[in-house]
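These are the structures, in structure tokens.
Both complexes shown next keep chain A, but they swap its partner, so chain B is in the first and chain C is in the second.
Let's look at the complex of A and B:
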């Protein structure tokens, strides 16, 4: 067919001396080859995608098991159980700190992850941080539109988690000796039930701060909206010790 | 001068090969010459710019070529620079809209205008060069090996080593040891070649590079310098033609549909837009000096993306030119007046004939569009068009465009509490900017029409369409209904959203054939408006 067409139209290429200089302009594409090499970037992107798929699947399994009706209530039992499920899935994945950050942003992309339920998502991210290879994890979340709740849950000793941006409710609850730094604000119940370790909040903090905390220190660069019922530990506001100290009523607005 | 000629000869020789390599991009043959910044400025800054692209014309800097001659072959430098320049045209940023989108994403992270431009430029360069390295045989890696590098450039060169798998002599240097590994690691995870993910990639790129850019900015401020120019050329609006800028703004307005974002970007680029001669008139005016009103430009560009139908009416037109008699065609005379029937299909002096046209009274009626008076409600119950996207202004702008496209004139009556002076009246004109300026005016008070304002605008105009766009929450709605009952002009009434007032208006005028009513709840409803829709009156010429 191609040959027929060429003869009919007279486009027989430059080899034909009878075509009086008419040249098929597409002839050179017959021999044209694309220079398409594999570069290390391809490999990096591919492996990143594979890891992200695994992390995503783990999160979806967590939702299937713990939030079947896409409703999840924050209660002591539900938190413990959901975290155990998250731990189970996270242990099977080989990932880096950057993958955790990518996952946080993927949560906002409904095409990638259709259900972003703040509670389980926060616990899953906490599990990812707690089981990460790196001792120090930096999550640049300033452009994240929603604050993640429960981030820093049970952060173990020897780990340092730095969050650029704001965090949601229940930040750093049940901290187990790790160091949690939030460059922005956090909401209510920050550091609730923490046993040891350090929480540094650069800006402001909400109500019930340090509720039932058993030890450790909370440093706040801005204002504390309200303290919770603290059992033991220290809370500083703008470098000034506010607990233990002058008797305060829980959640007193000051 | 001799050197420039030699470089030009190399380009002439390389160009066919380069064109083939890049699949024949439609750009003119590159030139050699002086590019900005000037040689004197370069001396101050210590770095020369390799190339410049203005309206698709690539110009290579002869000073830069001479300086790099010792480190790399002239052919190699020229080919690498041209590969880089052409890839900007064929892949990234590709067009002005993509450039604006990348800048907008960068701005969200960086906050600062200059830094957003800087980081967007870095992203564009990395993407273009990576594409070239992967898909074409290129000397770009070699060029990067010899280029002078600042702190950011060193990090980017480390990134190239990591993602291209080449040695640029960076990995072992001190720069890599200064804690920049983390930045490089983050940057290396970005899918630069996936166009669909560029918005998120741009943000990630900016996020990763931000600390370094802030550090560099502080250093530059401390020494009072401006920083080095990009040796591969800066990416400003000069690279785009006027039409590309116009199209880019139109696409950006349509895609973002967000007035604040559009306004922010246009204001950031206002200097460059003015420099490029981008004025306001019809979005197509040329000439410097006119200030750009971003709000008006937004509605102008957005309205261009919508087309609403306009039913024409038989109009008595006078003074039309019509073919009257023949005369012989001469070489150099226009072709469009030829009469092919009496010329026997030939173009030959002596045989070919052209029509001579005469101005005469148009007997009978010719279909055309009458002028239109647009009444727009800008009371407090309407959205302020200068703060958020107003469907009322967009709808009115689309209607105005439809009439202006048909060579008609448009008058505007913008009202809020008209009897108390809350109104603006624009007499019939075809001046786009004036029309948009009045349409975008916002009073934000009560809502009442002063019908006496409308009478002089309508009086004496036999063929005039009326277009009213409001939420119908008009205090003297009864008077308006009464007024519409008296006149025979075609009226297109558009109400924004559903409410009892609109229902009352609808019931009151439902028997009037010359009034058609449309509801706009979403922007998608705007194209469903039909201007001058009257079934009975137009049954003979236009059918629905």
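Let's look at the complex of A and C:
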């Protein structure tokens, strides 16, 4: 049998504190003090928010530093300069591929980010992709209302970036050996200046495709509106080689 | 625990089917023991021949020191021709011839260990005959009454067949727990067939005759009790000497009950039980659950148990939970009834009392399970509420603590929350304020 338990109060309680004869049904919780318990989800949300804040701050700094340079005017030297600034901020952040996708949506949906300029945003996202730990990155952007420009800029060898949805102008420019897959359409200047690697566009592509590309391959599942002045490399339209070849002329509209 | 182990090792062979705080138990033996210790009422269901009655007999014999022969002679078996005279008592015919009215009480009404075999073979109209006795230990016949100060009740029920009836709702509600005496598996079953001595080790012909004589004597019931206790103690000593296990004397049982009553529910056990009760009784639209009212289409509280059941939890449910929680905590030598204790006993206190909606039954009756369907559903319900409690426990306890402060006159607002318990707290406070 158990030890002496006589010091404890009776099970049903014995006294009323309110003197009205009605028993306080919550009396046994008088001694309760609230401790906020953190469930694993809380911690995940908290850490995601910390990372998102860092990513956002990096983007804001890029905008501040590069505002004067009007990077969205897209001159190649300003793009390179802006990308270097983006690289500098991105290197200091510990993030995952999911955070990149969250940032893309945060650009559109949160008041915390003052500007969503498709050019700098695309450069910054490209830097995030290029410096991510993961070799393969999937960004589900089909719900995004704005197409992001410059996505896949300088995607290095060994990286595979898959975009679900459409991308904007200058997609995959300066590609450096990586593989860029766009499940939807892309606009003009796709793959311009790319050196090596592979770009796969599942649907249609705009004008100046592969302008000044120096190597690599562009595969288009749909139609190409116009080819740019290609230096080196291959372009396929619906599995048919269109560059090098006689069938297409630069910027032929059809 | 010594008695549990003895029954498990020598008398009732079955597999453990319940784990509490890392210890494995057979639910039939465990709940029968707790019923005997706590003066409870247990319904044992199962297929014929799977030890429903014998498990209860062994427990009764060891906790109350009655030889099996006396227990057998006091059992009531359910059949359509059963009468009040065979269950409760009959007129003393000799005295009646002399124009005097006197009652000869049955062994069943006098013995503290009451076993009703196959209760669902009693027609529904005759089940109400034993309602009062079952509930309060009051047995009335003609104008006389005896009151059992100490008693426990075990009733067995077969699954529905041609000869069974439904157990009426008020009688079902009076059972604290329901367990299944299940098939022990081919190997243990084979072992049971090999040993046929186990019925005899708890018998003693001399003491059986002596006890029958006392029960049949025409002395007042109150005067028989000490005499019965004396013989029982002698039988208890005999068992101790021959089997090495010590049955419980009356003073042991009283001491155990005192210690059990002194074991409080801790805050989590209390808050969890309140949370469950709120879900089993709450209706935003009609004030409370009622079995004749249906849930409103698109009700905000569709995610809670109130949306899955038809009836309202009775006041006997929390009593059973507390009693068996205390008994279990005592058995495990814990100083408080904690949430693990209540979570372990609740499915067995809830299974027979809950009427699930037809759609819930049809959704889940084919689910893979080890337990009989009502116990399975009750265990699933406890799992669901446990999940909610894990997420909300601190806020719920805070709401109850704030409720206490408001009750004592502090000027605070009751805490808001989605769970029905928040609404119940508000109701209590508004009643108190008005």
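Simple rule for what comes next: the second predicted complex is superposed on the first by the 210 of 254 C-alpha atoms of A that agree within 3 Å, B and C clash if a C-alpha of one lies under 4 Å from a C-alpha of the other, contacts with A are read in each partner's own complex, and residues count from 1 in each chain.
Keep this in mind: a residue touches a chain if its C-beta (ideal position, glycine included) is under 8 Å from a C-beta of that chain, and two chains touch if they have at least 3 such contacts.
Since we're looking at a predicted model, the values are computed, not measured.
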item: Contacts of A:44 with chain B and chain C, given as first, second, both or neither; value: first
item: Touched chain A residues, chain B compared with chain C; value: C
item: Which superposed partner A:27 touches (first chain B, second chain C, both, neither); value: second
item: Chain A residues contacted in one complex by chain B, in the other by chain C; value: 28, 32, 34-37, 39
item: Residues of chain C defined as touching chain A within the complex; value: 252, 255-256, 259, 261-265, 267, 270-271, 322, 326, 330, 333, 335, 390-391, 393-394, 397-398, 400-401, 403-405, 407-409, 425, 428, 432
item: For the chain B and chain A complex, residues of the former touching the latter; value: 20, 108-109, 130, 133-137, 162-165, 182, 185-186, 188-189, 191-194, 200, 203-204, 207-208
item: Residue numbers on chain A that touch chain C, as the complex places them; value: 1-2, 5-6, 8-11, 17-18, 20, 22, 24-37, 39
item: Chain B partner contacts - residues on chain A that touch it in the complex; value: 28, 32, 34-37, 39-42, 44-45, 48, 98, 102, 105, 109, 138, 140, 142-143
